[in-house]
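Before any comments, here is the structure.
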Amino acid sequence: MTLTVLYFAWLRERIGLPRESVETSAATVADLVEELRAREERYALAFSDLKAVRVALDQDLAEFDAPLAGVREVAFFPPMTGG
Amino acid sequence: MTLTVLYFAWLRERIGLPRESVETSAATVADLVEELRAREERYALAFSDLKAVRVALDQDLAEFDAPLAGVREVAFFPPMTGG
Amino acid sequence: MSVRVQQEAFDYGAECAAFAAQPGSAGAVVTFCGIVRDNDGTLRGMEIEHYPGMTERALARIEAEARTRWSLTDALIIHRHGPLMPGEMIMMVATASRHRAEAFAAAEFLMDYLKSRAPFWKKEQTAEGAAWVAARDEDEDALGRW
Amino acid sequence: MSVRVQQEAFDYGAECAAFAAQPGSAGAVVTFCGIVRDNDGTLRGMEIEHYPGMTERALARIEAEARTRWSLTDALIIHRHGPLMPGEMIMMVATASRHRAEAFAAAEFLMDYLKSRAPFWKKEQTAEGAAWVAARDEDEDALGRW
């Protein structure tokens, strides 16, 4: 499947781009993260501490063990600091 | 001593005046209330349920057993309903 | 820091804007305003009686107490008396502090105390006549949390 | 009921006035506004990044949740993104209800949830450079009380 993957805040800065298309057969978010980590050092660095990373699937917050079946947009970002 | 006694809200309406000068030798607020009750029916009615009456001495909330020595202004009123 | 007791209407929007325009080190501003409810159309009007002198004194004391409990950069209390129509604003409070938790707590504290410890009494006019508003047990109980 | 996400400044006073002018059966209005602190003069500016699409969706969901928990006659959330200077307003919420306890609780709930569950990220600029603001444990903990 083809996913749109978005990065925000320091994840965007470390990886160096705000969004990309990713062709993957990852079953879960955690599987996708493993694939990204294996790609290049900048991905490995961005995802080095998953406690500092949040994920949204099709714009809803999700967990790392959530399945990717049917998902079109995956976003990774740090804990939110609005308000 | 001579006290200025003030009445507010339904105490003012039942007694029929907003303030009066009272010559008294009452030692406490409770003593003063007994003197007022003994005066006339309208006072007895106004002070029939002291749980529904609050008192301030020189513009500070006080209890019914508070002494009147040195006090110049006594105010009686129902529980407050501001805000 | 200021306390105002007045018969005239106040401009809630202008007061909020002025209060938030001088934040100093504050990052959080909370305001509350109380409005005369029409009680499903049954309320014709309201009269607020107060105790001139004691009112200002009680509000200043409540405000000073809030400032000892929380680190506030500013606080404001405005309370009206006299005749009021449904939809009119009765009073407002505003608090400013570094973080939101303090501003919220202080605003609620000011409201709880001025409800039950400042000498105001409301009398409501309906088709059945006029009646003094009874104090609510939950307003007295609210003081217990501070 | 409305949610607005925008780069432009908003007029806090005018928003408060407009919100309180249509009280319906409400007797209580609470507003909160968040202001960029200057951190004792060290902050030069701030940039707020957000996730267009998800932001509006998250705020609308938080507001809907508040309306299921409390009986609100109205609610408003405005949140800015983009560059902000010290003293500028970042966001505001407003709530209206029959009694004050509900308006206060709902405003605090909206703040707690939008702080930690709406996709905004703050980056601060100081003389030392730019740094992303870290989420505070107490903000996450605050969600536990609801």
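We just call them A, B, C and D in the order they show up, numbering each chain from 1.
Simple rule for what comes next: contacts are C-beta pairs under 8 Å (C-beta built on N, C-alpha and C of every residue); 3 or more make two chains touch, one makes a residue touch a chain.
Values in this document were obtained by computation on a predicted structure and should not be read as measured data.
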item: Taking each chain's C-alpha mean as its centre, the one farthest from chain C; value: A
item: Centre-to-centre distance between chain C and chain B (centres being mean Cα positions), rounded to whole Å; value: 26
item: Intercentroid distance (Cα basis), chain D paired with chain C, Å; value: 23
item: Euclidean distance of C-alpha centroids - chain A vs chain B, Å; value: 72
item: Interface hub residues of chain C, defined as touching at least two other chains; value: 34, 100, 111
item: Set of chain B residues in contact with two or more other chains; value: 83
item: Touching pairs - complete list by chain label; value: A-D, B-C, C-D
item: Of chain C, residues touching chain B in the complex; value: 34, 48-51, 53-54, 57-58, 79, 90-91, 111, 114-123, 132-135, 139-140
item: Chain D-facing residues of chain C, complex; value: 11-18, 20, 23, 25-38, 40, 87, 89, 98, 100-101, 103-104, 107-108, 111, 138, 142
item: Parts of chain B lying in touch with chain C, wherever the complex brings them together; value: 6, 8-10, 12, 56, 59-61, 75, 77-83
